[in-house]
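I've put the structures underneath this note.
Two complexes follow with subunit A in common, the first pairing it with subunit B and the second with subunit C.
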Partner chain A sequence: MTAVIDSPAPASTARTEPGYAWPVALAGSALLVVSGLLPWTFRSDVLGNVALTANPGPMQIFVLVLAVLAIVLLLARRGILPRVDAWSDTAGALRAVGAGAATLTVLGVLGISWQLGGLANVDPGAWLGLVGAALLTAAAFRMTHREHRDLFRAATSSWVEILAVILLLAAVLFGAAYALGQEDAATFVGVLVLVFTAVFALSKLGVFAWLGVVSQRHRQVLMLGAVAVAFLFPFTQEGSDANMSIATQVLIFATTALGLNIVVGLAGLLDLGYIAFLGSGAYVAAMMSHAAAATIGWKPNFLVIVVIGAIVSSVLGLIIGSPTLRVSGDYLAIVTLAFGEIFRLTVNNLDGGSGPDLTNGPNGIPGIPDLQIGSFNFAEPHELFGLPLGRFANYYFLLLVVAAVVITVFTRLNNSRIGRGWVAIREDERAAEAMGVNVFGLKLFAFAGGAFLAGMAGTIKAHHDVSVTPDQYIFLESAFLLAAIVLGGMGTVAGVLVGATILKLLPEKLRFAADYRLLFFGLLLVLMMRFRPEGIVPSRRRALEFHEDDEELAETIEDAHLEVVPDAAAEKGRA
Partner chain B sequence: MSTSKGPAPTVGATVLQARGVTMRFGGLVAVNNVDMTVHQGEIVGLIGPNGAGKTTFFNCLTGMYKPTEGEVTFEGAVLPPQPRKVVKAGMARTFQNIRLFANMTAIENVMVGRYSRTSSMAITSILRGPKYRREERESRERSQELLDFVGLGKTSEHLARNLPYGDQRRLEIARALATDPKLILLDEPTAGMNPLETKQTMDLIFRIRDLGLAVVVIEHDMRFIFNLCDRVLCLVRGELLVEGTPQQVQSDPRVIEAYIGKPDEEDHPEELHDSLREAHGREEQP
Partner chain C sequence: MDQFLQQLLNGLTLGSLYALIAVGYTVVYGIVQLINFAHGEVFMIGAFGAFTTWFVFFRNQTAFWVLIPMLIGAVVFAVGTALLMERVAYRPLRHAPRLAPLITAIGVSVFLQELIRLGYNNPLLFLANWNPFGLPSAKSAIPFPQIELVTGPALTPYGDIVVRRSALFILFSLAVSAFFLWWFINRTKTGRAMQAVSQDPDTARLMGINVDRIIAVAFALGAALAGLAGVAHGLQNNNIDFFMGFLAGLKAFTAAVLGGIGNIYGAVIGGLVLGIVEVMAVQYIPGGSPWKDIFAFALLIVVLVFRPQGLMGARVVDRA
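And now, the complex of A and B:
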């Protein structure tokens, strides 16, 4: 199964490394360890208690983790772990670790002086950490680094790979639970810095490229593991509804973004009014619910409502799509933008003043009762395996099912005749048509299909939110959905999940910066467009599309692909 | 060039018939009243100076343009001016400037060509139903066969954009063949190729013809055209100037005139033809 390659590509040693770099970096790491064990301040009520000797607080633990990572990398460079160094860019990883440790210590110093009033409150332990981080970073930048990160070419045994996938998923589960558990804003930012540093360092080591190949080889393990993680998450919250509320919001947002990713990421159609399809589903569910303000007398089973909501949305999609999808270019974006506005204005005005009373106008439909499927009432807490699960956990599990449906539709369509047609249309529409691809039909299908999934999610959102109002479904929400896709990675499931989590979780946890939310996201998007336009977790095809001239990337991606294709391994030597 | 011509053409039934095809862009008449008939198992060449309207004529045949006047019939039925339906009817093409799906692998490119001959839609694709599995397996097998046929069998999982230039041209042919055509239109299949690759392409076209397909080729390489084709049409300024066997067209003074102007010594056609070829050799330089 695993393809064996004899040796990694040679290191590009343009200049020689100064002799002092390694000892200095080691000294810096040692200082970081010492700093983690010394008090950073005298008061025990800041940053979750960093005032004890040899009993580190959260921030200090993060610094210690990075220090240990740095020492391991340094040892690898001196030949104690020769294989790691031969396959990957340890110097690059050391730079990331150094910069991360510096950010953490600066954050600590700022946090202490902010909360206690002045730099005088900072004890030597923190300063020591700052010096250590600076030494490590400076030394790492003097080290020679390799351009190539070919860890994915390395031969690894199956059980190591499966173990790595399980470890990754476990890290995601406990990382998410731990991050959500942080009440202190500075510590939460510390977690973010740690995660970001670790991700950056590991990507420099080529771990993610390797994991990409590995997870394709062991797809079943990854899928089962992901389902397990998603299922187990509520149990880590011990019945706390606050975090589960955030989790369900993330899940609704992610599910909707996944549906939009079919339209944008797979079919390549820019839809700026997608939230209106979610809104259509939500309004259908609200109008047919048992709420006092519900405007339709017929109250069918919820499953029927889900189907009706989805169909109403997809019919709207067909109506918008069929005249606009025939023309190429940006017309669709403009029309969908207008459609989003039309939806908002329509639901604002269908209050009986002129025309039928369907939506109650600006007041919306409040007081939508919780779902009741069979004898299972979503409002009541339930107990599973002896652990209590509240209202939001109930919705969380229902939404997991919907998300699973959307993910299944997404991945299976992507890997089918229809998916190949979409790629061909994105690559060269005229050539696709000349090869017999039904361009208009496939575009319309993507558009209406995406609307169908959004309508489905909307019916659940209505019950989850308790009320449905026009101002929940405005253009800004569509823009955020699109931002989640662009940020996370067009055309991938994992990317959208990451993007949606970032965009929904951060505002909840960083409420002190709520006024700067849009500024921050705008900045983030600009930086992404400049440095990584394909997103955090890009599909290989999208990465190629964004780097048309990058021959090296094309070769690397092809090699990674050949690692995964079963038959191709044998003929690799040929090229 | 040592390529021997294939067996003498056994002209079969009429596959394609274009009658009075005219294409105007505003005041410009790009193609004017051109007739063309192609029979099964025949290789027809289309030559003419740059700007003669050869590619425009191709676009009229394949439904990319709707001809202003005239009609195109395929196996007796009038072709609708929609590329997708033309492909379905059994006519496929390649492009003058290669238009592969660059970021797909070779085999994925060819599998796109199978689109019109398969019909799995959403439900079976999502549920991975028996129809999906059968069609997916069949298209993959057929595509691999076609890649083997054009000589790219070993590079099926390589990205199209990483393939050498000549291989990209051959991949385009494989992709067109995947649509199960009865007639294949090749727009300058040897442009930019070295002599060895040109010879391989000629062999490939003969093998395609031997499968029973009709082939129409646009080319500037005269030696290639005259060695390859059973019949040659020469377009000049949008009009059909000469039609005949390679020998007839080659020695026709009007063709020579169209390419290099009015000759001074009309009694040395062979010599003139050489200079014509040279002139074209220069023209081909990018």
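And now, the complex of A and C:
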């Protein structure tokens, strides 16, 4: 199944590994297993019940998962699983697993002593886990890295690859459903630690580089699978509106951020007033809705309203873009910021007192009725395949359609002549102009196009939120959208989805830290730009732009790229 | 006529405040071509620095001489913040793509606002409750100390014109600062080095100028004036809050663009013009007062369309 292509044979590095590292690590993992099966405290109402013997609670299951992963990796190091050992750097993965297990056990101890008042409430099980995690981490750091072949060079048969893609998507679906189901904040953080550790360990093993190549080879499977996962998600919630409300908020946010990603990620124009375009779409929908405070008498079909909202937004985009796009990127950032403020102040003022009565001033337009498309009313719960779907699930499916439209537009544009023009402008505007790229036209198109998509999303947001008010559309919201892109990865779809999910989900689940949300948010922006400006899921080209002098990265990217495009068919033949 | 003169004076006062902040944008921009989006927060922290100095050392004192340590406190806090953020956030990104420092600047801005909001009376944040000087919470506006002579009864020198003493303080501050700036840029070695770096950083480095130091000086210079503006704002408006830097910073940036960004005297002129335009628009455009903030931004867009190099003229930025 796995065949070696011409690449250097694995070679040990100079430093030798101390003999005790392996047994100590194994002992640590064993201790973790034991800890997972012993009670961590005496009360059953903490951390979702970790008080039973041989019946692990959620936190203990996480520890057990990591322990099993560690044991598999350790066995691979001794040559018992030769394939894993030949292709992967197990030392790095073991360090990640050890650190993750340590974080989990510390979190458990802190959670117990926080909720029950004092360390005295922590039973030996948890302490055992702490010791085990410490041993594993310490031993893993004594282990030596070995140079391995890059996993993405492995020629695997295509059914394995397709299976891997499907497994990944299934993991995303059930992981998301499971994480959303956690009510306890400490357990939720535990899920995050587990996911983070697993992702880190797997990327050390080279699994993600491989998955990246594989998913490019099987694009259709990935796309279909992603659509299926998104479609199936509401059915995992058993009609729980609380979680679906979060999910729809994430979708609205992600859709808007994807629109902004065209402007920022593809064309490289920093737009700090993007929320105003979402807002103008929302206000158009609200003013034309059947709400009591609606100010426009004409009540067309909702699809007409969507188009009008999008057009109004893009016209505003043209008005603000045409003077500023000629000058420079820096000016654009501040002018769009000023435009965002103008929008907020204008809707605040158009209350009949200091201008025409369009927006009802600071009170906004409350009581917007739910959408009614044909005979389908979005307010009523429905049942599909015997599974209940609430109000938010209805909006979820509608938003899914909008998100699909935006993603299609995004990827189509990215792979077109226009997209290449944007990249050229982003990298060097003068060179692009010299090459005959219509710089101003393309910039304006990106700007107005992004506004169009945001306006579209805004019309649905108005109905989803039930009311529109000026203070929903403040600068901070624009900054959040930008942060979703920065965090996830500029210019990629998956990155923005990840970034938007993190930024919307975390505040919902970590309410105890609500006051510190913005503080961490600001810190996050600074740290991301400093240490990983290309984001969590970077676009390869973008990563290179941020690390121009990193030749190793350039080579890896080139290699991976060559591996995928021309040789893929040939390799499959050889395998 | 009296009304016009009165409004002109109000405009000049407001404009002086903008001008003091705008210098910070323009000095930094002239040297590193970076819009320091967090400069508004430096202004805010300057005001809090002055208040802290007064609260800790001179509480309940309102004599005129207290203003001097307050000003020193403002400048120390503002300059410290600016130097720290230059060192920690901007310097590592000096050769990064243009977008990176701008996004960092937004992060710094939000971070500083929140740090003051949450940490002003509780510097250890969620770790512990610790407030050694009994400082008030910054979650709502804090009344600024009323210093004698500066906030006393208003003067009526001519006709119906009312001149607030704090307005005189602001105008005086701007005049002194403008003279100091002129002297510093043209008469000191560091000032000439700044001019050299702004013209051509690579050649300046070859001539033995420590470019890193000059950049730090530019940040410090802007921050000192912003700290002064913070005190002036507190005296004029009687209270300070953690969010005051946002709008003021945006307006001051408008002023800097209006004067021609990178041109220090332009920032002063731009600030004064912006202040006068804003006040006059509110006075003479019917129903204008709710639209006060919009005039400034509309002016910004108009300037960018018709005269992107600003009133005083400066290098036009032409690279995204």
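Descriptive notes on the structure:
Here is the rule we go by: the second predicted complex is superposed on the first by the 549 of 575 C-alpha atoms of A that agree within 3 Å, B and C clash if a C-alpha of one lies under 4 Å from a C-alpha of the other, contacts with A are read in each partner's own complex, and residues count from 1 in each chain.
By our rule, contacts are C-beta pairs under 8 Å (C-beta built on N, C-alpha and C of every residue); 3 or more make two chains touch, one makes a residue touch a chain.
Owing to the predicted nature of the structure, the values given are computational and were not obtained by experimental measurement.
Of the two partner chains placed around the shared chain by superposition, subunit B is the only one that A:438 touches, whereas subunit C remains out of contact. When the two complexes are overlaid on their common chain A, residue A:421 makes contact with subunit B while staying clear of subunit C.
Look at A:526: by the touch rule set out above, it reaches subunit C but stays clear of subunit B. Once the two complexes are laid over each other on the shared chain, residue contacts for A:303 go to neither subunit B nor subunit C.
In the superposition on chain A, A:408 makes contact with subunit B only, not with subunit C. Once the two complexes are overlaid on the shared chain, A:341 sits against subunit C while remaining clear of subunit B. By the touch criterion defined above, A:429 lies against subunit C but remains apart from subunit B after alignment on the C-alpha atoms of chain A. Greater residue coverage of subunit A by touch, when subunit B is weighed against subunit C, goes to C. In the superposition on chain A, A:486 makes contact with subunit C only, not with subunit B. Note: residues 430, 545 of subunit A belong to the subunit B contact set and to the subunit C contact set alike, using the contact criterion stated above.
Residue ranges of subunit B in contact with subunit A, taken from their complex: 62, 64, 83-84, 87-88, 92-93, 95, 99-105, 108, 111-118, 120-122, 125-126, 128, 132, 135-136, 139, 154-159, 161-162, 175-176, 178-179. For subunit A in complex with subunit C, the residues that touch the partner chain are 264, 268-270, 272, 320, 323-324, 326-335, 337-339, 341-342, 345-346, 348-349, 353-355, 425-426, 429-430, 475-476, 479, 482, 486, 513, 515-516, 518-519, 521-526, 529-530, 533, 545-546. Note for the complex: subunit A touches subunit B at residues 408-409, 412-413, 416-418, 420-421, 423-424, 427-428, 430-439, 445, 449, 541, 544-545, 548, 551, 554-555, 557-558, 561-562, 565, 567-568, 571, 574-575. Taken in their complex, subunit C has these residues touching subunit A: 33, 35, 37, 89, 92-93, 96-104, 106-115, 118, 125-126, 246-247, 250, 253-254, 257, 287, 289-291, 293-294, 297-298, 300-301, 304-305, 308, 316-320.
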